[in-house]
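Alright, structures below, take your time with them.
Two complexes follow with subunit A in common, the first pairing it with subunit B and the second with subunit C.
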Partner chain A sequence: MSKQTSNKATAAIRASLKKRYARERRFQWYGRLAVLTGFVFLFILLADIVGKGWPAFTQHYIEVSVNLDPEVLGLPPNATREQMFTADYLGAIKSSLRAMFPEATGRKDKQQLYRLVSIGAEYDLRDRVLKEPQLIGHTSDIWLRAHAEAGSYLKGQVTAETAEADRRVKDQQMGWLDRLRADGRTESRFNTTFFTQGDSREPEMAGIRVALYGSFFTLLVTFAIAFPIGVAAAVYLEEFAPRNRLTDLIEININNLAAVPSIVFGLLGLAVFINFFELPRSAPVVGGIVLSLMTLPTIIITSRAAIQAVSPSIRQAALGVGASKLQTVVHHVLPVAMPGILTGSIIGMAQALGESAPLLMIGMVAFIMDVPAGVTDPATVLPVQIYLWADSPERGFTEKTSAAIMVLMGFLILMNALAVYLRKRFEMK
Partner chain B sequence: MERVEQQEPVAGSKGDAIRPPLDIQAHSEQKDYETIGTPFVTDPKMTARNVNVYYGDKQAITTISLDIGRNEVIAMIGPSGCGKSTFLRTLNRMNDIIPICRVEGEFCLDGDDIYADDQDTVLLRARVGMVFQKPNPFPKSIYENVAYGPKIHGLAHSKAELDEIVEDSLRRASLFNEVKDQLDKPGTGLSGGQQQRLCIARAIAVSPEVILMDEPCSALDPIATARIEELIDELKENYTIAIVTHSMQQAARVSQRTAYFHMGKLIEVGDTKQIFTMPKHELTENYITGRFG
Partner chain C sequence: METTTVFLVLVLLTIISFFMGRKRSHAVTSGLGGARALHSLPKHYGYMAALWALLPALLVLVLWLVFEHGVITRMVLSELPPAVQDMPASQQGLYFNQIVSYAHGATDASMLDETQVLAAQHYRFYDSTSRSIKALLVFLVALAGAILALRQIRPALRARNHVEGILKWMLFGCSFLAVLTTLGIVMSVLFEAIRFFQAIPIADFLFGLEWSPQMAIRADQVAASGSFGFVPLLVGTLLISAVAMVIAVPVGLMSAIYLSEYATRRFRAVTKPVLEILAGVPTVVYGFFAALTVAPFIRGLGESIGLHVASESALAAGLVMGIMIIPFVMSLSDDIINAVPDTLREASLGMGATMNETIRKVLLPAALPGIVGGILLAVSRAIGETMIVVMAAGLSAKLTINPLEAVTTITVQIVTLLVGDQEFDNPKTLAAFALGLVLFFVTLLLNVIALYVVRKYREQYE
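== the complex of A and B ==
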């Protein structure tokens, strides 16, 4: 009798098993699908950015037989360095180009011819001559930076298939470029300018360095302010503060602060730090302070969670041998909580790195060509630079935008790698 | 409140002739009760008088008075939730870290009021060390674990002195021979029993006068337990030890006196032998004979 009932139960369980396993399998598939979808979107995004941004890392050069005639340059014999500095290199380039392509006679044709090389070529040539003054008076083949539009044709981004009116590289220029290419007078090089220069109106002259340094200095200030204050606040609230209405209120407000739109912090920065304290505009120091206000709640909340997660037995052990409260926290709780605190801080810093809205309010959107040397020099930051370039009509800036995004992501990966390294070091101890 | 003094004859000592039937429920609600046996000794190391402990509104300990004699091992036994651990933790003010916990009563360590306003808990906990239920070594090296206490209290003036304290403490916790080649390895990498002995070494490294042990063997296997019990036996030469345990055999093996707690009350205190062979109170008898708990 009892055997039968147990068999009945077994049968019922067996029948339900199938259903249960099917449910589990379905659930697993939903999960896989979700992960896959995420990856597909991420891949599309990355492929698009890398595909668009990759060409920005190369820059085409055109070899021109430049006749450095002192007369064209406007240089007297035995010219001083100063005279060489102010010589008319543009004139030399123009006359050399005319000599290479004598068919360009009309005003318009000539203008198109000149637009094969970058405006910056003049300065490249000047620097070259200053380094090698013996070039003066001779005709030598010199590689000159190509104009962004010419470059985009050489890179194959613009083809003759597009109607001439719809592109900035005209048929005539294409013919010249084809001839140069056939003569082996064009060359693609790694674009160092992109990493060594600041912003420019000309895509081929524009670089990321100001934004990179700006971001670095801004984050430095943010970290220097937000990390110690955030951790100290978390430790105090978690370990020392009494639990009462006031601390509850503070806790609620910190949580609310984390949800405040970032542009509000920008307005605050503008009103308080720039208008009231008269700190310099567009400077990483102000940007850093504003972003640290934004990052603080994140760091406090995650640090508190990390401190809370430290097992009470370690606290008791420390108190049990007679450690004071502060010694317990500093010697035992913080080292154990540090990996969690660092993770939270990095999340906060990553947010700060990607933030542009509050920085627009404090003037970090300015067009800045000089690389900042410190936290008080005007600078811009990577996301703002991306925004500025994305807004520019020139074709050359499209690839620069994507390239800047790649640099931003590289920066982020570097930061995360540092965090992982630090976390590993703390965990080993 | 009427309290029984040691000299006075106590109810149970009159013999087992007439004992009223036990009403546990009524007993637990009764605030006024008498501890049977010998809660007081002539040469106490620590004294506790009229102790009440509350967690919020809940009373965890009701009017307990107990002495802990010099260089004795006193075992505290009783069913779960009887307040024995809570009582133990009042002795070095570990309950201070629980915000809702409130302690009443008078506590003295060699005549010093340990709950006085000017009593430093840091100093108190250096004098009254503690070993916890779960081995809780710091996530640092074995050496650091033992050296931490002496370091923060400034007990060693040189590296050599510190080394000596560490070695001596580990020896006295009979752990030194097992770990002498791996002092720089993390303490958390040891086995459970070794970890607990490390915790004992850590406690004795600051030369406490009293060591409180809160179920030190509950997480250990019988062999590790035996080692710890041997150790307790050796330690009682130099220290006063109060041990909370769930194991009656352990209490019988290691202690000279035993205190039986029940529902926040101290029911009976006496020589360990007497408690386990001739308990005077019915609750004690029920517990040690395994009728409940």
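== the complex of A and C ==
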């Protein structure tokens, strides 16, 4: 190679360098952009949920001067508790509202007026009267739960700017609510109903208690089945399994099950547990069994990794002093591997907590108001409750859905934080 | 006796057996110099007795519980008059439920006819008899097991080996459950699918271009048996998955490349877990986000530039599904890029290539099979994803590849066909299992190919 050609080549390379460096910088920016895109998606998702769900944690109340006239209530003097229980509180609320806003005279006007307070206000009033029977016969200012639509106006979610036909709160109701607000007769309180009640057709009466219990019972069953079986399977495959075709078959099956769509497990649950074994529909026990089959591969795979990570010297030492294979595993290997196994199991449980598709198949998608008392009572779980509410068109349910999502994500964050903590401790050892 | 009581008594019997076994091991060696004469530790003889008491009895209890309900139902049903037995299944079910709820004292007799009241009495009789027999049988089996074990105890009995043998079989049973689960899945979808294909020819299902599973309400309506053409569902599923991949693959792959090749260790340590949150968000949350935020947004955006966008567009569902899959693609690609040997990187950089030339011309070609495998896994996940499409995709099957229109997917149809009232003699319900069969085998095929490709790729660099 002569000197001249080499100079030529160097010059060509030098000339292309600027372009190549620019390309390098561009490429790095693509990478940053991709990471940023992920962040932006995550941020929008969380902000959207929190923004929509935040108002659901408050509930507006309206102070109405209720005239508890025994005649309107339909109560005789010296009424018994039972009579007080069945008295016409709705009538009392209606007549008191009419007294506060005498301008509502037509049938339609009155209906709109009554829609300011919740259907549940009647029961709140009943409980109050049962606690303080001396209120009967007097007019007293009592805070009543606002209707979800009235509440959405008081929360500022609906304004007069929207055309009247497009909103459920009418101009007249807005006027009344404005007057109540000016008189200091409206109040926003923490929404305890959301945590203490079951499902309801009325957004302001709906809560997640049944779903929380259902999720708890379902996870209990899942854990009781998946954890022991998963750990046992992992121990077998890591410590005892001979290398043969049967073991290969088991391993292939576990890896494939980990990637089977969750809804297929629902079909299995429907065909086997409900149709063949005739277990009860909508019950946490069936949901728990199905979810445990679904989470088993996760638990087995992570437990195997944890058992594999135990140093062989521990095994050799135990075997050397005469322990049997099983004693070595139970007394020495498992305790060391336990944090890792627990980490994997918690992650598996978190998966099960967020899962809903297979539960739809086995009928855990029902309208349930009563808190389940055990694993065989009909129940629903938090993600399915979210699915059910997301289908309701009312604005009140949209915010309830988002709030339920916030609760669900809160639990998931707790579980994952626990898993991360365990892993950190494990790594320190 | 209640099942829980039976179970608790069984546990108690097991514990007693343990102590008796241990005591007996001491007793048989009393003349031989105590526990030293035993082959195993005294507690192993206890474990042995306990296992013999517990396991057979537990098996009996579980089998009894599984079959109790069905057998009693059939016994009561067979005694009902022929008029009831000829009822259609759903009506008969309702009729029978009234009997059961009366027998349990949940309703009063006012809603029932005389036969039902009589049947309820029979039901109650069978139910209580079954409970007594169950308790008796379980206890007898437990006692028999314990006595058998106790009688075997001799100093030379290798109790530890015996117990460990049983436990090893139990461990094997636990891992064999995975095979049973797969078998259960295949059987349950296959049997119902075969029944479906008896009603609808398999060719009509696989190549039919129309899907409208609405069946005739009355049985005498001719030719109103719905049409079960699978093609629109497949196209809809693939369309939504394709949109998802268009989002997830570039973002996930580029993020993985950036994080593994360019980012500082600290940036990576913070960024990766944050992006992985996206994988931990429950799918129902994505579904809600897609249906209530993304779909209206895309619709509004489309209309502002004069495009007609369906309110349940494939684009919205696919976009959100893509977001869900980003971390999946990212961590798979990350693993695979990290598995490329450093010597390849160093050789390329040493020749004067820039980092981006190294990545595009050396790393990516070397990692390509692995990345393809990872993408196949992601596609399989997109096809099987249910909640996002149930909440954000359409219900009516339309054969189109326009992402702005509403399409439906396999999983959506499974859910719509099976949620609500079900009758298992109806092609509409059975169709869900046929779809489940297809879904299972498509995802299985993708997974097997993907896992094979990834494993081959790993072996190449080991």
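Here are some notes:
As a working rule, the second predicted complex is superposed on the first by the 376 of 429 C-alpha atoms of A that agree within 3 Å, B and C clash if a C-alpha of one lies under 4 Å from a C-alpha of the other, contacts with A are read in each partner's own complex, and residues count from 1 in each chain.
Convention: a residue touches a chain if its C-beta (ideal position, glycine included) is under 8 Å from a C-beta of that chain, and two chains touch if they have at least 3 such contacts.
Keep in mind it's a predicted model, so treat the numbers as computed, not measured.
On the superposed subunit A, the positions of subunit B and subunit C stay apart, so the two partners fit side by side. When the two complexes are overlaid on their common chain A, residue A:Ser324 makes contact with subunit B and with subunit C alike.
Between subunit B and subunit C, it is C that contacts the larger number of residues in subunit A. Once chain A of one complex is fitted onto chain A of the other, the partner contacts of A:Ser313 are limited to subunit B, with no touch recorded for subunit C. Using the contact criterion defined above for the overlaid structures, shared-chain residue A:Ser262 touches subunit C, although it does not reach subunit B. When both complexes are overlaid on chain A, the residue A:Glu71 reaches neither subunit B nor subunit C.
In the superposed model, A:Ala241 lies in contact with subunit C only, and not with subunit B.
In the superposed model, A:Asp141 makes contact with neither subunit B nor subunit C. When the two structures are aligned on the shared chain, A:Val336 is found in touch with subunit B, with no touch to subunit C. Of the two partner chains, neither subunit B nor subunit C is touched by A:Glu161. The least CA distance from subunit B to subunit C in the superposed model is 8 Å.
Subunit A residues in contact with subunit B (one complex) as well as with subunit C (other complex) are 324.
Subunit A contributes residues 20-21, 23-24, 27-28, 30-35, 37-39, 41-42, 45, 48-49, 52, 228-230, 232-237, 240-241, 249-250, 253-257, 259-265, 267-268, 270-272, 275, 277-278, 293, 296-297, 300, 324-326, 350, 353-357, 360-361, 365, 383-384, 386-387, 390-391, 398, 401-402, 405, 408-409, 412, 416 to its touches with subunit C in the complex. Those residues of subunit B that touch subunit A in the shared complex are 92, 94, 97, 99, 121-126, 129-132, 134, 136-140, 148-149, 152-153, 199, 202-203, 205-206. Subunit A contributes residues 242-243, 311, 313-324, 327, 331-332, 335-336, 429 to its touches with subunit B in the complex.
Contact residues on subunit C toward subunit A in their complex (touch as defined above): 66, 69-70, 73, 160, 164, 167-168, 170-172, 174-179, 181-182, 184-185, 188-189, 191-192, 250-255, 257-259, 262-263, 271, 274-275, 277-278, 280-289, 291-293, 323, 326-327, 330, 354-357, 359-360, 377, 380-381, 383-387, 390-391, 411, 414-415, 418-419, 424, 432-433, 436, 439-440, 443-444, 447-448, 451.
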